[in-house]
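Down below are the structures I want you to see.
The same chain A turns up in both complexes below, where it pairs with chain B and then with chain C.
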Partner chain A sequence: MAMLKTILGNLLRPSRTRAPADMPVVPPTYRGALTHDAGRCTACGTCAFVCAPKAIHFTQDPGISVSWHFFIGQCSFCGLCEQNCPTRAIHLRADVPGSTNSAGGDGLRLESVIHLQPCTRCGAAHVPLPAATMDALWAAGADEAERGYCPDCRRWAASARLRTAFTPDGAVAEGGRHDR
Partner chain B sequence: MPYSFPLGPYHPALEEPFKVKVQCKGEVIESATVEVGFSYRGIELLAQKRNWVEVITLIERVCGICSNTHAMTFCLAAETIAGIELPKRAAHIRTIIAELERLHSHLLWAGVGAEDIGFHSLFMEVFTLRERVMDTLEAISGNRVNYGMNCIGGVLRDIPDPAAHLPALDALAKGLGEVVIPTFTQNPTALARTRGVGRLSREQAVEWAVVGPVARASGLDIDVRKDQPYLSYADLGFESVVRPEGDVQARVVVRALEMMESVRLIREALLSLPPGPLRATQGLPEIPAGEATIRTEAPRGEAFYYVASEGGASPARVKIRTPSFVNIPAIEPMVMGQPLADLSIIQASVDPCISCTDR
Partner chain C sequence: MNLIERVIAISRRRSPWICRLNAGSCNGCDIEITPLLSPRYDAEQLGIELHGTPKHADIVLISGTLTLRSRQAILDIYDQVPNPKAVVALGSCPSSGNVFAGSPLVLSCSLDTVVPVDVWVPGCPPRPQAILDGIARAAKLLEDGATKSQLAKSRLAGSQPESRCGRPS
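Here is the complex of A and B:
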């Protein structure tokens, strides 16, 4: 009897095969193809660290650039790189499908180059901080000249400020450059 | 004349490779031998070579159906070692995902079971319902299979609008109550193929140490959600479903009624979703030296995890015992004296998950 009811119900209902336009809404949390913003990346390597299938890796051109590489064929779309990226450089877009049928193709390898910049103080090539991070850090009124510093020089400048605070006569030796 | 008949490893009824070698006399099965291990992947060893973040992604791929259970149990073990207390909201969200997963797993089984007895229209009905569950899971987690919801210390994604998922639950309860359960329990075709078939007595169930719906269909009232409540099961209240008959019909009924209980649990968890943080910790996890054993109720029964840490970047040992690993051998006593034609539905009634078993 249950089946008869089902058959009658089916006769009265429209087709249950979904038309192309009648697709379920793609949720905002959908993990589609990956994009990488070199302007935000600090090449910290967190994405490569959390990537279980090793779809992400970094290569270096010493003194010139660091390159971020991604191969979609190895990606499991877990989204951990996006979740763990401290500067939100990686984004899994909801508007593109995660899987494609030609995973070996060249178009499915992403590379983005992060150019190194010379430090304005010591000249060492380093990955600059993303502009948004810098704005947030320097909003507190730090010395604008420090924006171009490498991490070592920023550390030096911070400790110099600390020393100045303890010795108000300002006897900071300018020669105190860090060793490289 | 007695003859032996190999069914599998490339299987006519199931998607995964496992082999049942049966000794038959005429149409009747005299004995059976089960062989597994055709899709071994060495996940336990691989887990020792991955860091604490990567290993969750790896463990989630132990099983294609109960993926969340594995990642969740592993995270619970790591949290126990590190002494991290799970936030209430995260526990509720994990419970919701675990129960949605049980729904889709049982519906998948009901579909496969219906197909094994040649009931294709029921298969279609069941899979239409299952699609509602998959859509809900996708809406919450962004993915249909490997949800990637768990991290050590909490969950990665929130359920911002719990009420939005209630209509799907209503449709599901309606479909289950009006079509799936009555068809499996009243339809003469379904009854003829399931009632009295593949009996496993209570004593045999104890002897073969079966777990989950198979044990509960043989009159053993064991369910980790009730015996040792974890996550939010103690808050939500949980009633296990037990049937004494021990045949395929009882396993069908236990799973069907469990689905109704899951719908109730999800509804209550969604309605009582407590506010608060999603994660107890921020950043990459640091797990001190220690060890933990955790049991959770996967859709197929008790999943057991032993995780040991030596304080390094990766776990020192991850031991996984999945419910199918103990349920699959119980096919041997079930098929004895049964017609060969019932072999397919009997082995399907255990709901064997081969990728869990082989790991």
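Here is the complex of A and C:
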């Protein structure tokens, strides 16, 4: 009886079993197309360094922005960039990248622009830290003004704190500038 | 377009015969074609049939890194495919060379500089459904008369300016 039901069901079903959109499900760990979150990227260049086929590279617009470039036509989908990204800015989505009619554009090349910010102390343009990292670094009682500092000023601020800890008389002239 | 031409155009979409060409691939993309023809992905629902010879094919699937030796083979096989024809490039290798780019015998250039490519299927290797999607797309282009070879033919004098990538000078 069960067999008859199956046969009847197959007779009533249309001949097309699976349209391209209706395919076996993709496993959740599937490594598909890359996404890049410019808000989390610190432009450290680790992804470009670990990428074996050199699908990722950075370009600079000095003083204004850093751009992250990705060419899917050169990617092996190994996931090393996602694994090594210290701020988890890169993510390989678990969906199948669609076919395109031209290798030039059409989603095969991605560009993500990271805008530089001027340092609130010395004015040097730098890549801002991701918001989550800032919250972790300046969580409790630390100087909120340091959030906008460039790496050099952050280093200067840290050493200034260290020096005032050793010489509490205020031997450090506040507002002294680091050598750039 | 009269009725017969319309029927011919539709039948180009409804029964695209494919031919597989390995231009120096690691075999990953070729292995993904096998489940494509199995009942699980069922390429024959779209009328796709795999043929061993390019003389019977409408669509050529080219996979793999282009090498100095495979370049002439690609050109020869492409010439054997009867018009109208479409080319589907599988995976990352044809578009750039992937990890093999820069090797001594690998042409580190796009397949587009050797034969006109109509559809690029990204992936390394692409999933069978992506390949099926690419073939369906190429078949639609064949119906519309919009593949690069058809367009070049309709332009008559407009033969593609062929680049000299990898050609011994």
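Going forward, the second predicted complex is superposed on the first by the 141 of 180 C-alpha atoms of A that agree within 3 Å, B and C clash if a C-alpha of one lies under 4 Å from a C-alpha of the other, contacts with A are read in each partner's own complex, and residues count from 1 in each chain.
Basically, contacts are C-beta pairs under 8 Å (C-beta built on N, C-alpha and C of every residue); 3 or more make two chains touch, one makes a residue touch a chain.
Predicted, not measured: the structure shown is a model, and the values here were computed from it.
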Which superposed partner A:Leu108 touches (first chain B, second chain C, both, neither): second
First (chain B), second (chain C), both or neither touched by A:Leu80: first
Contacts of A:Leu8 with chain B and chain C, given as first, second, both or neither: neither
Touching partner for A:Ala52 - first (chain B), second (chain C), both, neither: both
Partner chain in contact with A:Ala158 - chain B first, chain C second, else both or neither: neither
Chain B versus chain C as contact partner of A:Ile72, first or second or both or neither: second
Partner chain(s) touched by A:Leu137 [first = chain B, second = chain C, both, neither]: neither
Chain C-contacting residues of chain A that also contact chain B: 16, 24, 30, 52-53, 76-77
Residues of chain A defined as touching chain B within the complex: 1-3, 5-6, 16, 24-25, 27-31, 46, 49-53, 76-80, 83-84, 94
Chain A-touching residues of chain C, taken from the complex the two chains share: 39-42, 45-46, 88-89, 92, 95-99, 101, 110, 112, 117-124, 126-130, 132-134, 136-137, 141
Residue ranges of chain A in contact with chain C within the complex: 15-20, 23-24, 26, 30, 33, 52-54, 71-77, 96-103, 108
Contacting residues of chain B [partner chain A, same complex]: 50-51, 53-55, 57-58, 60-61, 121, 125, 128, 135, 138-143, 146, 148, 151, 156-157, 178-179, 182-183, 186-187, 284
